[in-house]
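For reference, chains read A, B, C, D, E, F, G and H in written order, and residue numbers begin at 1 within each chain.
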Amino acid sequence: MTRKAEVGVVMGSDSDWPIVRETATTLDAFDVACECRVISAHRTPETAAEYAAGAARRGLKIIIAAAGSAAHLGGVLAAHTTLPVIGVPMKGGALDGLDALLATVQMPAGIPVATVALGRAGAVNAAILAVQILALDRPALAAKLRKHKTMLKTKVRQANSRVQADWEKKDA
Amino acid sequence: MTRKAEVGVVMGSDSDWPIVRETATTLDAFDVACECRVISAHRTPETAAEYAAGAARRGLKIIIAAAGSAAHLGGVLAAHTTLPVIGVPMKGGALDGLDALLATVQMPAGIPVATVALGRAGAVNAAILAVQILALDRPALAAKLRKHKTMLKTKVRQANSRVQADWEKKDA
Amino acid sequence: MTRKAEVGVVMGSDSDWPIVRETATTLDAFDVACECRVISAHRTPETAAEYAAGAARRGLKIIIAAAGSAAHLGGVLAAHTTLPVIGVPMKGGALDGLDALLATVQMPAGIPVATVALGRAGAVNAAILAVQILALDRPALAAKLRKHKTMLKTKVRQANSRVQADWEKKDA
Amino acid sequence: MTRKAEVGVVMGSDSDWPIVRETATTLDAFDVACECRVISAHRTPETAAEYAAGAARRGLKIIIAAAGSAAHLGGVLAAHTTLPVIGVPMKGGALDGLDALLATVQMPAGIPVATVALGRAGAVNAAILAVQILALDRPALAAKLRKHKTMLKTKVRQANSRVQADWEKKDA
Amino acid sequence: MTRKAEVGVVMGSDSDWPIVRETATTLDAFDVACECRVISAHRTPETAAEYAAGAARRGLKIIIAAAGSAAHLGGVLAAHTTLPVIGVPMKGGALDGLDALLATVQMPAGIPVATVALGRAGAVNAAILAVQILALDRPALAAKLRKHKTMLKTKVRQANSRVQADWEKKDA
Amino acid sequence: MTRKAEVGVVMGSDSDWPIVRETATTLDAFDVACECRVISAHRTPETAAEYAAGAARRGLKIIIAAAGSAAHLGGVLAAHTTLPVIGVPMKGGALDGLDALLATVQMPAGIPVATVALGRAGAVNAAILAVQILALDRPALAAKLRKHKTMLKTKVRQANSRVQADWEKKDA
Amino acid sequence: MTRKAEVGVVMGSDSDWPIVRETATTLDAFDVACECRVISAHRTPETAAEYAAGAARRGLKIIIAAAGSAAHLGGVLAAHTTLPVIGVPMKGGALDGLDALLATVQMPAGIPVATVALGRAGAVNAAILAVQILALDRPALAAKLRKHKTMLKTKVRQANSRVQADWEKKDA
Amino acid sequence: MTRKAEVGVVMGSDSDWPIVRETATTLDAFDVACECRVISAHRTPETAAEYAAGAARRGLKIIIAAAGSAAHLGGVLAAHTTLPVIGVPMKGGALDGLDALLATVQMPAGIPVATVALGRAGAVNAAILAVQILALDRPALAAKLRKHKTMLKTKVRQANSRVQADWEKKDA
């Protein structure tokens, strides 16, 4: 049985799905249930408003919004809820995604969108940030985050061993 | 008695009013009636949706939207109407207004915002563009536009005379 | 028999045609007749001036100008007419099209160019904007625009269903 | 008696204090206790590491980091904690703050910094975002956020009345 | 009696005159006669076309065009003449003049505009470049250029002496 | 027998040759003799200085300098001659060639570099600009330039016919 | 037997290794021993701190840090040592590497990072800069640098011969 | 008596002196003798070449070059020496100094310029970097650097105390 979603993962177009899937997969790896939706701030504005306005009532804690170009999705959702909204600017518009980044992050005072990195790194980090928020009162989840951090360290150390060995073998 | 407005001039904040007033004043100089509103895409999103959705019914022909930073106002209004929406990006955010320009112009296929120049020149040009649209089936208005264009020419010629004279008097 | 064109679709180079064709195709889908021209602001400036100056007399209502790099085409046409001119900045110059965007949008007070998004999205949106303008006094066209907007919504909803299903099947 | 801080407000230099004070003041308006610190990622890196590493143990829930130029503060703190870290890029470096924005937001996968707008708007929004996070399991705080949102609406409506009146009186 | 102008110094607006005057003054210092005109590419396009088309016949050798924002002036003049056209992008538009720079320099193959630096340095350099061109078959003018270059060297050496002395006196 | 070169075409690296060849080819099409050199401002600075300093004496009239990244070549050559120096910024550095453009065009007062467009268009235009300069006292060359301009017009008209036909055949 | 490393070559990710290898190879060509490490400023911050803090004691003279996106690696290492730290910004983040460049170079007063060019050129130049520093009191190394500079000249001259010949043979 | 300079501090214009003086003052605070020169890469290129070529012979160890706009000074000096050259990009050109930054840092492989931050922070950091290099074989200088780093820490801690007190007194 599907657990009730705590995180709403929303994207402006299904062409974003291959990258945004990493958000969902990362949440899943932390056993945080999410739902995935395509909602366009400009083409389905009523759905966007309803989705955000009803999110808390439906049990969502956090909304993640991924969009490109004039990336209004995060801002439009944030306008209709007081839940934390995390914005993932997508590449592919003008200036290698700078348009999406600025349109997501430069929100007016009172209506924040928590913006993460452009593209794939941002898709993962939106999930991690959501988990960090949910972990504030769930010690088990906090423990998973610390374990994840240890795993990241391990990966860097393994990469270090490979590079170090690759260089040193030149003298062998 | 106030005539019925044909153009809705909307701004995201009353701090934009000193510049946006030029939009209204320019429309007024062409005897095109407008109404001026402060509507925030993020702080009063329901008002934005209602305003745009009801605009045609209320007799508006064109909506002009001026906003800065993550300038979503034009896009949010365009999402709720099929009237032409003209966007004026305001300076003052990041990168000398580039954030507002990109957030206004980079709309997805299907939902255009007719974007004009940043700041004061854009505030005037939004009005001229609105008049050009309304003039399509009003010969009298088209005549005024041609007269306005002649006046612009005259001003440039007068400026030319001043500069020409200023330079030539050095040899006198 | 070809109907009389109401929209002039002008591009600076025939290398723009594959993208600008979407402007013409979109207009065609709304049964708005257009003519397509290659006119260079710099290589055929007299043609550009004549085209714009004679446009209203020939029955054109709107001119759409697509150009890249130092994209002067929209501005040059706007200088010679009081018809609305819509500018489509093309990618491929410096900075991923920023040169074309700024050269198109930053017009001086008095001579607006209604600028839409860079590249393909802008090519479609120039057509939609033209239809929105023409629809102001044609209820049938306005109805088509509303239908088009409904179709956009439907497409987003279908995309949503696909993504939602794709994610949920992981738990199946 | 001072309540125990839940939010750590950290800035890279005391020259940021006049703007960062708005973060603290906004938190205070929501009765969320915060502590304010000057910690430099580059000049006091050990303090930065210790502060972040010990934050959860000391009862902090969220860290807000404001910094300019090569704004590493948010990233350095995020490296040493699994608490949510909110980054406020400060203006004043190169390109009107673009350096601080990119250095704050472009974090690698695994270590997010929740980035808000440049400068003053960001300083306020960092606080609002922190309150949104803390409100997830505090209904009273969530109620305050909704009230705050209503107050923002009221302010926009009042601004609207002023502008509307200012324009309409021209016909009086 | 005024000598016949060899260089046409054209600016898009008389607000540019305080800076463009340095172009005229510099030409004057080399005894190269110039005429100064305000011609707008967008407001007086016919004048622009006529001016450029008739320039060679009237004895002009070089046209210098200074303009800001969507700076089309150089390009429009170059379209109507085969004389060398030198473009001076003026600051004050978007992005500290980047719009003017890109709109001036990014001309299509076949129609060059010789672009110099933004603002004051460019205003001087447009004149120097014009003199360099005219000097190609005037040994006396070439000698003046060499003398000017020597004078620049002298000024740098004097500045060097001042700075060197200013620093060394600290040990006195 | 090779005629004496009037234009020195210099590039910073032989990797620029495929594009810079268009400069030489274009000059050749106008029967203007040029020589082609690889000289690096940073790797062979003495050669750069000698080349520029001796250029006039060797009969060169104009130097064209193509370089990328921190494109100092034009500036270094201009420092050692009073001949006109034309700069072609090459793409491939940071920001799609913006580094090369700014490093070429932003010369200090007194030492201009006549900058043309980035990459291939600039490579052609540097040649055209050089021909325009040489044509000032060669009526035959001026006539060729006018013919070239006519040819450009013809090409645009042919492209126009193709596009016009391609669109109109849809109704056939 | 491996000699003791004098230069620590550190990269933020092993995906940087193919480019950073050129740093190591260049140092090797000058017989300067280096060690190569993968250390992440954000994932292994303790390792970064320890590496930099212990570098001088372990006999390192210079640290080279290559990183992309929010490239904090150079800054974090510089915070923990008084050895010279050379930063190589890697491409691949936002804006073609501008994020990495600004995050590396814009360090606050007191904690410099000696920044070199983006990507491959920077990878080589970091090594050359390190050799220049080490050569200050090693005449043999300084001699190698002069020889290297001569080799660069030779390569440019050979390239020049090829291009010159390629062009001239067209007349043969 | 003036000690022999070890660091040559060169600036492109005496208008840079108020900021570049901080480089000299900082070196002086470390008892590192420097000489200060105004040398223009473009106006006094021979002096630039001679200065760099003779620097090592005259006992200089490091050259610091501060310049703005098309900032070629560092690159020109680096071309004529194998000593380390540190570049300080000055603000005031286009794009808030981005032109100077890119022109300084984007050097081709083989000829590095060690670039530091824009403006005042860079002026100080060029000096610190020079001291770090010189300290490699001078334990006394290295000790001063460590003391300087301690002093920076102390200043941050004092600033922290002020801010902490300022905030906490609100509850008093």
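The definition used in the following text is that a contact is a pair of C-beta atoms (placed from the backbone, for glycine too) under 8 Å apart; a residue touches a chain by one contact, two chains touch by 3 or more.
Keep in mind that this is a model prediction, so the values were computed, not measured.
With contact taken as defined at the outset, subunit E and subunit H are each touched by F.
Repeating the E-H interface, with the same residue numbers in over half of the contact pairs, is the pair B-D out of C-E, B-D or D-G.
Between the CA-based centres of subunit G and subunit H the separation comes to 19 Å, rounded to the whole angstrom.
Here the CA centre of subunit A is 41 Å from the CA centre of subunit H.
Between subunit C and subunit G, the centres computed from C-alpha atoms are 48 Å apart. Along subunit G, residues 13, 40, 43, 69-70, 93-96, 98, 101, 105-108, 110-111, 117-118, 121, 149, 152 each make contact with two or more other chains.
Taken pair by pair, the chains that touch are A-B, A-C, A-D, A-G, B-C, B-D, B-E, C-E, C-F, D-G, D-H, E-F, E-H, F-G, F-H, G-H.
If you check the complex, the residues on subunit H that touch subunit G are 56, 61, 82-84, 86, 101, 105-118, 120-121, 124-126, 128-129, 132-137, 142, 145-146, 148-149, 152.
Those residues of subunit E that touch subunit B in the complex are listed here as 2, 11, 13-14, 17, 21, 24, 28, 35-40, 43-44, 47, 69-70, 93-96. Partner subunit B is touched in their complex by these residues of subunit D: 95-98, 101, 117-118, 121, 149, 152-153, 155-157, 159-160, 162-164, 166-168, 170-171.
Listed in rising order, the residues of subunit B touching subunit A in the complex are 12-13, 40-43, 45-46, 49, 69-72, 75-76, 78-80, 93-95, 98-99, 102-108, 110-111.
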